[in-house]
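Below is one structure, written out as C-alpha cells; the observations come after it.
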Amino acid sequence: MRLTARLMGASALCAAMAATSAAAVELEVTHWWTSGGEAAAVAKFAEALNATGTHTWVDGAIAGGGDTARPIMISRILGGDPMDAFQFNHGRQAEELIEAGLMLDLTDVAEANGWKDLVNPPDLLDACTYEGRIYCVPVNIHSWQWMWLSNKAYEDAGLPVPTNWQEFMDSADELQAAGKIPLALGGQPWQSAGAFQVMATAIAGTDAWLKVFRDKDSEAVMGPEFTQVFESAAQAREFTRGSNVQDWNQATNLVITDAAGGQIMGDWAQGEFALAGEVAGTDYSCLPGLGMSDVISTGGDAFYFPAQDDPEVTAAQKELAQLMISPEVQVSFNAAKGSLPVRGDVNLEAVNDCTRKGLDILASGNIIPATEQLLSPDTAQQVNDLMTEFWASSDMSAADAQQRFADIIASAD
Amino acid sequence: MADPASLNTLAALDPVHGRTGAVGDMAGPRGRRPRRALSRGNIMLYGILLLVSVYYLLPLWVMVMTSLKGMPEIRVGNIFAPPMEVTFQPWVKAWAEACTGLNCDGLSRGFWNSVRITVPSVVVSIAVASVSGYALARWRFKGSEAFFAILLIGAFIPYQVMLYPIVILLRELGLYGSLSGLVLVHTIFGMPINVLLFRNYFAAMPEELFKAARVDGAGFWRIFFQIMMPMSLPIFVVSMIIQITGIWNDFLFGVVFTVPENYPMTVQLNNIVASVQGVKEYNVNMAATLLTGLVPLIVYFASGKLFVRGIAAGAVKG
Amino acid sequence: MAATHDTSALAGPGAAPARRPIRLFRNLSSKIAALPMILVATVIFVGCTLWTVVHSFTSSRLLPRLDWAGLDQYERLWSTPKWYVSIGNLAVFGLLSMVFTLLIGFVLAALLDRKVRGEDVFRTIILYPFALSFIVTGLVWQWILNPELGIQAVVRSLGWTGFTFDPLYDADIVIYGILIAALWQGTGLIMCIMLAGLRGVDEEIWKAAKVDGIPTWKTYTHVIIPMMRPVFVTSLVLIASSIVKVYDLVVAQTGGGPGGASEVPAKYVMDAMFGAQNLGQGFAASTMMLLSVAIILIPWAYLEFGGKKRG
C-alpha cells in the first residue's frame, strides 16, 4: 500500500500545483497512441495543457488500436462517467454520439479562432461537422498512398529500383528469383484492404476511385479500370508469399532489413525507417501514388469531447481543443508523430525527401478523402474481410473478388 | 444459534474424522500400489511426465530466454537459444520504466490496483459461489435447479456481448466507475463455473455425513461451516486458482468499469505488449508477461501445499 | 469471508425450524443463501440476454438503439461467408479441443495421482500456462510455430531442409496451430479439477478393486470414471464455455488469418460490434451462438439436474 500512497502523493502534488487557480481542472484523455513516437506526440499535447498552469492532463492510454479502445470509450460514455476527451477517427464513426447529444459542441471555439480558414484541407473540418456544428478537432493528416522500397534489396538482386508500380511488377519475378520477397504484406486484414485501395487510386485513377468509394457505384467496380486493378492485385499477391508476419511494422521491417523489395503502406511507415536510422533516398525510396499518379488521401485523427455537466470542465475542454490546433502544438505534435499538420499556415523546415513530396502534393491540392471518411466502419470491415481472403489465397480469382466487392459496394450505406 | 447437544455431537464426530484422516494419510493417495523404485511402470510413468513437461515448459523457456536477451540478439538469433549475453534490463524496464502513454513507470503502476481489485473480488465471488453451490447441492428448493441451469447457460455468453447492458445496469444502480461495481462484475461472471464446481463437489460428498448432522439439529450454516467447508479444501483451491487467475489477468472489465487511476496491471501489460507502432520489444514483452503472471504462479505453488492438505481432509470420507 | 458471516447472522433466525412452515419460508436459509445466484441468473443472464436478443432485431450501430430492422441482421449474418467459416472452425476446434483436453487432463491427473515423486513440481509445470494471459500465449506460440523462427527453422538447421511445419500460415491447418496453444493453456486446469476429483475417490474402492484383482486401467474406466461424473460435468462445461468464447487466442496468434481461415464466432461478434460498429449484427451473431448453446444444453440440463430430487 505504500506504493499507492506514494503514487497518490505524487498525483496530489500535481493536483496541488494546478489547484492554485480556482478553475483548475483535471482532464482525463483517452487515446490509443502508445508506441514511442506516438507517446512522444501525445506528450506535446499534455505539456501544452499543463503549461497553462491551470489544468492538468490525466493520461488514459489504451494500446491495441481503435478496436480495443472503442468499447472502453463507449462504455464510459454510456455509463455516465465519461472521460473529458478522446481520440477517434473522424468521419462517420462518431455521428451517433453527436446525435445522442453526448458530445460537446465546439462551434463557438472554432468560430472564435477561425478554424474554418486555417484547416487545410477543409474536408478535415467537414468531417468534424454535423448539421453545421463542429464537434471535433482534427489534429493531423496521414495519407495511405505510398510505396516503400528497399534500395539495398534491389541492389542485391542487381536490379534498378523501380520508379512506379509497373516497373515494380515487371521486375518482381527477378527479385523473387534473387531470394527476396518482392512485396511485404502483414496478415492483418486492414493491410490487405489498404494495399488494394492504394492500387486502385494508382491504377484505376482518381475518377474511378471516387465513383466507387465515394459514390458507391457498383457498376464502376465492374468497369475496365477496376478489372485491371483486380488483375494486378491477383498478380501482386503471388509476390507476397513468404512474408509470414502479422503486424504492419513487422512487414515494414522486412523492407528495412532488405529481405523484401517493397511494401504498400501509409506515411506512418516512415517512422519505422527513421527509427531504424535509414535515410530516405539512400537506404529506401518512396513512391507516392505508387509512382503512377500524384494523389494522396488525407485521413487523420481527431479528438472529441464528451459533454460534461460542470461548466468549469467544459471551459477547460474547450481550452484543450483550441490548444491542440494552435500553431506551436501542431508543429511539435506532428513532428513527433510523423504526420502533417492540419493547418496550412505553419512552416515545416528540414523535412526529408518523402515528406517533402507529400507536402508538395498536398499544396497542389491533388488530394482525395480518406476511405474512413467515405465508407462506414461496417462497409470497411466487409472490404477488409474480402481483401484479406483474396490476398491470402490464390484460390479466389480476380473476377470472383471483383464480383464480391461490387456486392459490398452496392449494399454500402 | 444451535442447541448445545448438536455441538457436542459434532465435537464427538470430529475425532473420528481425524482418525480416519490419519488412516487415509498412512494409506497414501489412491491408486498407489507398492512397487520397486525402478520398475518398468515407474520408468514409463516418469518418462511420460518428463516428456509432457517438455511440451509445457518449451514456451516458458522461450519466454525466459527472450526476456534475458538484448534486442539485437533477438533480431538475429534462434528463439530457443540461450542468451549469449544475459541482461536484466528488460525486466527492469517492464517493471519500472516502460511507458504507457505518458506514464513511464511500467507495470509497477498498476500492481497495487490489481491487488485491490483481485482480493475483494476473489473473496466475495468464492464466498457467494460456495454458499450457492452448497444450497444447490444440499438444500434444494423449488426452482433452484432451473436458476442453476440458466446460470450454466450464462457461462457460454461471451463477456463482451454483456458489456453495454451491464454498463447501463451499473449506471442505474449508481455503481458505475466504483471499485464495488467492478467487484460485483467479477462476482457475476465468476459465478456460473464456481457454483457448478462447488455444487458438484458438495453433491459428491457422502450423504450420511450430512444426514447425521441434520439429525443432530445442525442447520444450514452450521453444516456448511463445520462440516462442508473443512472437507472441501481441494475444491476451494481449484476455485481460487480459477478466480485469481481470471481476475488478475482480466483486462476488459478492469478498463471498462474503472477510471485510469484504478487501472489494473493488465492495462499496462496490454499497453506494453499490444503497442501497434514502433519497434516491438519482445524481451520487454516477455518480461512483462512473466512479471504479470507471477502472482497467479505464486498462488499455484502455495496452493500445492493446500492441495496436499486437502487430500488429508478429503480422506475423511468413508 | 466477512460477507458470508454477515449473511449468516441475518439468516440465523430463519435457520431455526419454524413452527408452522409456510411454503415460501420453508428452507429459508437456503433461499437467502441462493439469492445472489438467483439474482444473477435472472437479472444478468436472462435480463441481459433478452436485451441482447431484442437489440439483434435493430439496426443499432455504435450505440444500442431501438430502431427496428426485423430480420435484416440475421439475413445478413447467414449470407456472410466469414460466418460460415467461423462456425466450421468452431466445430473442428471445439470437438478436438474437448476430446483432447478431457483426455490429456484425465490421463495427467491419473498419472500424478500415482504417488509421483515431485508431484508439486509436475502439477505446477502443467498448470502454469493457465496463469499467463492469452495475448502472450498467442505471441509465444506464434513464434514457436513461425516457419522462420521456430520449430521448422530449427529442424531445417539440423539438416532436414525439406521439413515443413508452418500451421499458422497454411489456411488448411491453421486451426490446429491454434489448438496446440489452446491445449497448452487449458489442460492444466482440467488436470487440476480431475486431480481434485480423484482425490475424492474413496481409498476403500481401490482396495476392493485390488482384492478383486481388477487391473488398474479397468478400475479407472469401469469404477473411477463413472464415480467422477460430476467432475467430468464440471470439466465439460468449463471446456465447452471456453471453446465457445475463444477469441483472444485467435487474435493474438493469427488475427483470424491467413485470409480469414481461422475466424471463430466470438471474433465475428467482436469484429461486428467494435470493429464494424454494427452492434445489431454482433448481437444477431451472439444470439445465434446462444441459441445453439441453449438447444444443446437445455435438454441435457433437464436430464442432469431436473429429473431427480435430493433431500
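Each chain carries a letter (A, B and C) given by its place in the written order, and its residues are counted from 1.
Definition applied: contacts are C-beta pairs under 8 Å (C-beta built on N, C-alpha and C of every residue); 3 or more make two chains touch, one makes a residue touch a chain.
In this text the structure is predicted, and so the values were computed from the model without any measurement.
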item	value
Innermost chain by mean C-alpha position	C
Maximum centroid distance from subunit C, chain identifier (CA atoms)	A
Centre distance in Å when subunit A and subunit B are each reduced to the mean of their C-alpha atoms	41
Distance from the mean Cα position of subunit C to that of subunit B, given in whole angstrom	15
Centre distance in Å when subunit A and subunit C are each reduced to the mean of their C-alpha atoms	37
For subunit B, residues contacting two or more additional chains	160, 164, 270, 273-274
Residue list for subunit C, restricted to those that touch at least two other chains	270, 273-274
Residue numbers of subunit A (touch at least two other chains)	71, 74, 78
Residue ranges of subunit A touching subunit C (in the complex, touch as defined)	67, 70-71, 74, 78, 93-97, 100, 187-189, 244, 246, 376-378, 380-382, 385, 388-393
Residues of subunit C touching subunit B in the complex	1-4, 7-8, 11-12, 15-16, 26-27, 29-31, 33-34, 36-38, 40-49, 51-52, 64, 108, 110-116, 120, 122-133, 135-137, 139-141, 143-144, 149-150, 153-154, 157, 184, 188-189, 192-193, 195-196, 198-206, 210, 216, 219, 230-231, 233-234, 237-238, 240-241, 244-245, 247, 266, 269-270, 273-274, 279, 282-283, 286, 289-290, 293-294, 297-298, 301-302, 305-306, 309-311
Subunit C residues touching subunit A - in the complex, by the definition given at the top	61-63, 65, 81-82, 142, 146-148, 166, 168-169, 171, 254-261, 270-278, 281
Contacting residues of subunit B [partner subunit A, same complex]	99-103, 108-109, 111-113, 116, 160, 163-164, 167-168, 170-171, 176-177, 252, 255-257, 259-261, 267, 270-280
Contact set on subunit A toward subunit B in their complex	1, 3-4, 7, 11, 28, 31-39, 42-43, 46, 57-65, 68, 71-72, 74-76, 78-81, 247-250, 268, 271-272, 275-276
